[in-house]
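Same chain, two partners: chain A is paired with chain B first, then with chain C.
Moving on, here comes the complex of A and B:
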């Protein structure tokens, strides 16, 4: 399609203008608002005891969720790619399910299952609090991040096939040796990409977590809940901007990592 | 020994009724052949003893673990949700989702999401076109910006938009607690869908056909409408559908800017959250199920359209 210079420039201005108003300006404004009172104020605002405990809780959730997602994600991907069993198509659909479920609905579902009046309410009544405790937040985060590792590892497993593993076993390697020496190195970039996506989503999840957290500052507040509470409950608008800026910094870091990893994957 | 291994493999394969021939990457004969070549070397025969179970195969234990994991994490919660929604029977479910406030929230959600999806179809295609066919300084940077809404936590998106369009707006545009606020927030979080689904198709598109149309005297608008748009249509539709599905469930980005005004800006996710807070779990579960049903219907429709398009393409080819 040959487009005249005038039309091309017009389309370019329209597209860039839209992105400018929707994305660039708001981000510019929040950066300006967060750093305008000076770097010292910003740092003070994100290092209050409540903020530090929120950061720690967010990191703790990531530290629990990532290993679980890696182990079960790889096993799931292996089963989906190499297994031949009844119901495989169903499992494929279940893995994608979390993408279609609203975060709030995730929270409600967990309450219906693990809450005091839920199916597994006996666990709660026995004194092990799931909902309004750390386990609930972990379960919510696993739910929303479940597809990432599976969906990133799956195509790599398809691509590498089983030839090398067959060769390794012919040469006398046992299952574990084959996995550690052949399979894992082959899927490592896909796996890393999946982990990065998981970390980003785990740190940023809000809707599902707020439903199952008691939200006490310093106890059960993650970084995203802190942003919300500062804005709504404390009317501490600056504090909310500062905490949001911190989260945005993490998101930018993740985006950068993803770009680098993408290049690495396509190099392979 | 060798034949034994192959036999067990063959048995396992034929025993599985669901094995689909020709699905990519799982073609077994090739690895078998390679394995045979290695084994007929003979030097490693004793060492292959522990590996009679097919290498790379998934044992029933693995499948059991996966099923259990997916059930506990995903299926059981959703089953408990559905059971709770129908705990007072069909009548209770129907009553819960037809309560005036619930209907209003669902209506606002679908209306706003549909508007957002349509805007995305236009702007997303425009942005994809500019990113693929145009050339200017900083294009790579703009391309990277597109993914930002995916990387940014939704609550941050909310705060970011409030800082510009909120009560202390530096440009004096106040969208908080209006439907426009909802639309802007949802446009922000759904920005990548259409762009990222149209971009690769546009890169692959055959430009010779466009040149031919132009040389036959078609104006660039006609060429776009008759040649480019039909090629892009499936991608635009799929991106738009995904954006819609995302928008109807969205919570974090609208919770601060939306204002949660019943019948005006309260979306379904906020209504559900409110029902949990005032201890009406059946209402919350019922509207959750309704929301899920809308999302599933959208995604199912997309899949049907996609497979139909693919079949038509295969027939034409």
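Moving on, here comes the complex of A and C:
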């Protein structure tokens, strides 16, 4: 299709304008509002005991969820791409389920399963609190972030095929060695991207987590819940902006770190 | 020595290997030759252990490896599309097998450098496969396979993805390498010229069966059936028998043709035909003919004979096979 210069410029302006208004402006406003009163105020706002505890909790959830998702995601992607088993179609659909189901629904169903009166309520009654505790929040986060690693790794596995792995096996590598030395490096970009998406979503998840968290400041409040609580409950608008900025900062940091790490590894 | 006995392989209901028996002598360079889908790759991959068999056994140097995975068969394998490790440099690719075997660093470095020199990739150590040409990638893959000192080297259409010039160069080079290294080598190809050029033994496959095994001269001159004959070089059908086009003699004079024919007991006799086209092919001339029966065939004669005959399109000529020609009775069931 041939496009005239005028049309092309118009299209570009439209695309950029769209991104600007919908993404850049809201983020810009938050940043501006967070740093407007000065850096000292910002730091004070994000170092209250509640904020520090929320940060720790968010990071702890990420630290639990990411390794689980990496292992499960890679294994599932391998099964989906390489496996020839009955129920593969079903597995495909199940992996996409978290995209389709509203996070609130996830929270509700977790309560129905693990709550005191739920199916697995016996565990709760025995003293191991799932709902309104860390396990519940981890479960909710795992549910909503489950597809990312699988869906990022799957196409890469398709693309690389099995020839390199076969070559490795003819050269004397057993399955483990082949996996560590050939498969994993080959899928590392997809994996990296999947991890970044998982981290971002785990940090930012609200709907599913708020259902299963008791929401006590300093105890069971994640950073995202803190933003919400400050804004809605405490009418502390500034505190919400500051916490939101911190949240964004962490996500950006993760992205940057993963990119750097990967560059370093491939430069080796 | 590789011995394959009664190898059988199904893909679903499709029979890809049908009771294949073959011996590959130590130190030989054997070509598995056959049309597309005849089971060459399947047989090679079964020897490598990359494909399991439904029945039969594979032994390498007297050791039954039928149940062994590829990594314990002592093989080197070269893939048509190189299967280069894309995230590793040329050096790391070639070193892979030795690294897996945890050889000392110095030994690995020396061996890799030696091999890269042999395959003509000296100075490419630090490149990535993406920065190499197809031919260079394949030479790297060869060095990688040779690095582990395999008992047998298996190559699946290693030059298939390369252009004609590079392909001929590389197969000459492979032949010279084989003369130096003497590793038992099996080469899969569907190109009869390639098989005749490099191999000292050829096994012709068709529909998952081995039609004939032998040295190139035997296969060319005494093919077991018309499939083998047709696959190794061009053929003309002359009065219901297959002959090589260059074994056809053309005479203007019917009597002369008959007189010569009288001395040949087992020849198809004299066929009268019309010249349809005369095609100069450099040293030889191809004459496209149509017999009175309507059957079309081609004869290949020298430039000088063609000049003496002074053939023109539309003329009538008498054709017969020479006395020492390769003749196979035509069996339609085996036709390509």
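Just so it is clear, the second predicted complex is superposed on the first by the 219 of 268 C-alpha atoms of A that agree within 3 Å, B and C clash if a C-alpha of one lies under 4 Å from a C-alpha of the other, contacts with A are read in each partner's own complex, and residues count from 1 in each chain.
Everything below uses one rule, namely that a contact is a pair of C-beta atoms (placed from the backbone, for glycine too) under 8 Å apart; a residue touches a chain by one contact, two chains touch by 3 or more.
What you are looking at is a predicted structure, and each value in this text was computed from that prediction instead of being measured.
Participant: In the overlaid three-chain picture, which partner chain does A:174 touch, first (chain B) or second (chain C), both, or neither?
Facilitator: A:174 contacts both chain B and chain C.
Participant: Which partner does A:186 reach: the first (chain B), the second (chain C), both, or neither?
Facilitator: second
Participant: Which partner reaches more residues of chain A, chain B or chain C?
Facilitator: Chain A has more residues touched by B than by the other partner.
Participant: Looking at A:254, would you say it contacts chain B, chain C, both, or neither? Reply first, second, both or neither.
Facilitator: first
Participant: Touch check for A:166: first (chain B), second (chain C), both, or neither?
Facilitator: A:166 contacts both chain B and chain C.
Participant: Overlap of the chain B and chain C footprints on chain A, residue-wise?
Facilitator: After superposing on chain A, chain A residues 163, 166-174 contact both chain B and chain C.
Participant: Where on chain A is chain B touching in the complex?
Facilitator: Contact set of chain A toward chain B: 1-4, 7-8, 11-12, 14-16, 18-19, 22-27, 29-30, 33, 72, 75-76, 78-89, 91, 94-95, 97-98, 100-114, 117-119, 139, 142-143, 146, 157-159, 161-163, 165-175, 178, 183, 200, 203-207, 210-211, 224, 227-228, 231-232, 237, 240-241, 244, 247-248, 251-252, 254-255, 258-259.
Participant: State the interface residues of chain C toward chain A in the complex, per the touch definition above.
Facilitator: Its residues touching chain A are 48, 50, 69-71, 73, 75-77, 79, 81, 83-87, 96-97, 100-101, 141, 144-145, 147-148.
Participant: For chain B, which residues count as touching chain A in their complex?
Facilitator: Result: residues 12-13, 16-19, 24-27, 30-32, 34-35, 38-39, 44, 47-48, 50-51, 55-58, 62-63, 65-67, 69-70, 73-78, 80-81, 83-84, 123, 126-127, 129-131, 133-134, 136, 142, 144-149, 151-156, 159-165, 168, 170, 184, 187-188, 191, 207, 210-211, 213-214, 220, 223-224, 227-228, 245, 248-252, 255-256, 268-270, 272-273, 276, 281, 284-285, 288, 291-292, 295-296, 299 of chain B touch chain A.
Participant: Give the list of chain A residues in touch with chain C in this complex.
Facilitator: Where chain A meets chain C, its residues are 160, 163-164, 166-174, 177, 181-182, 185-186, 266.
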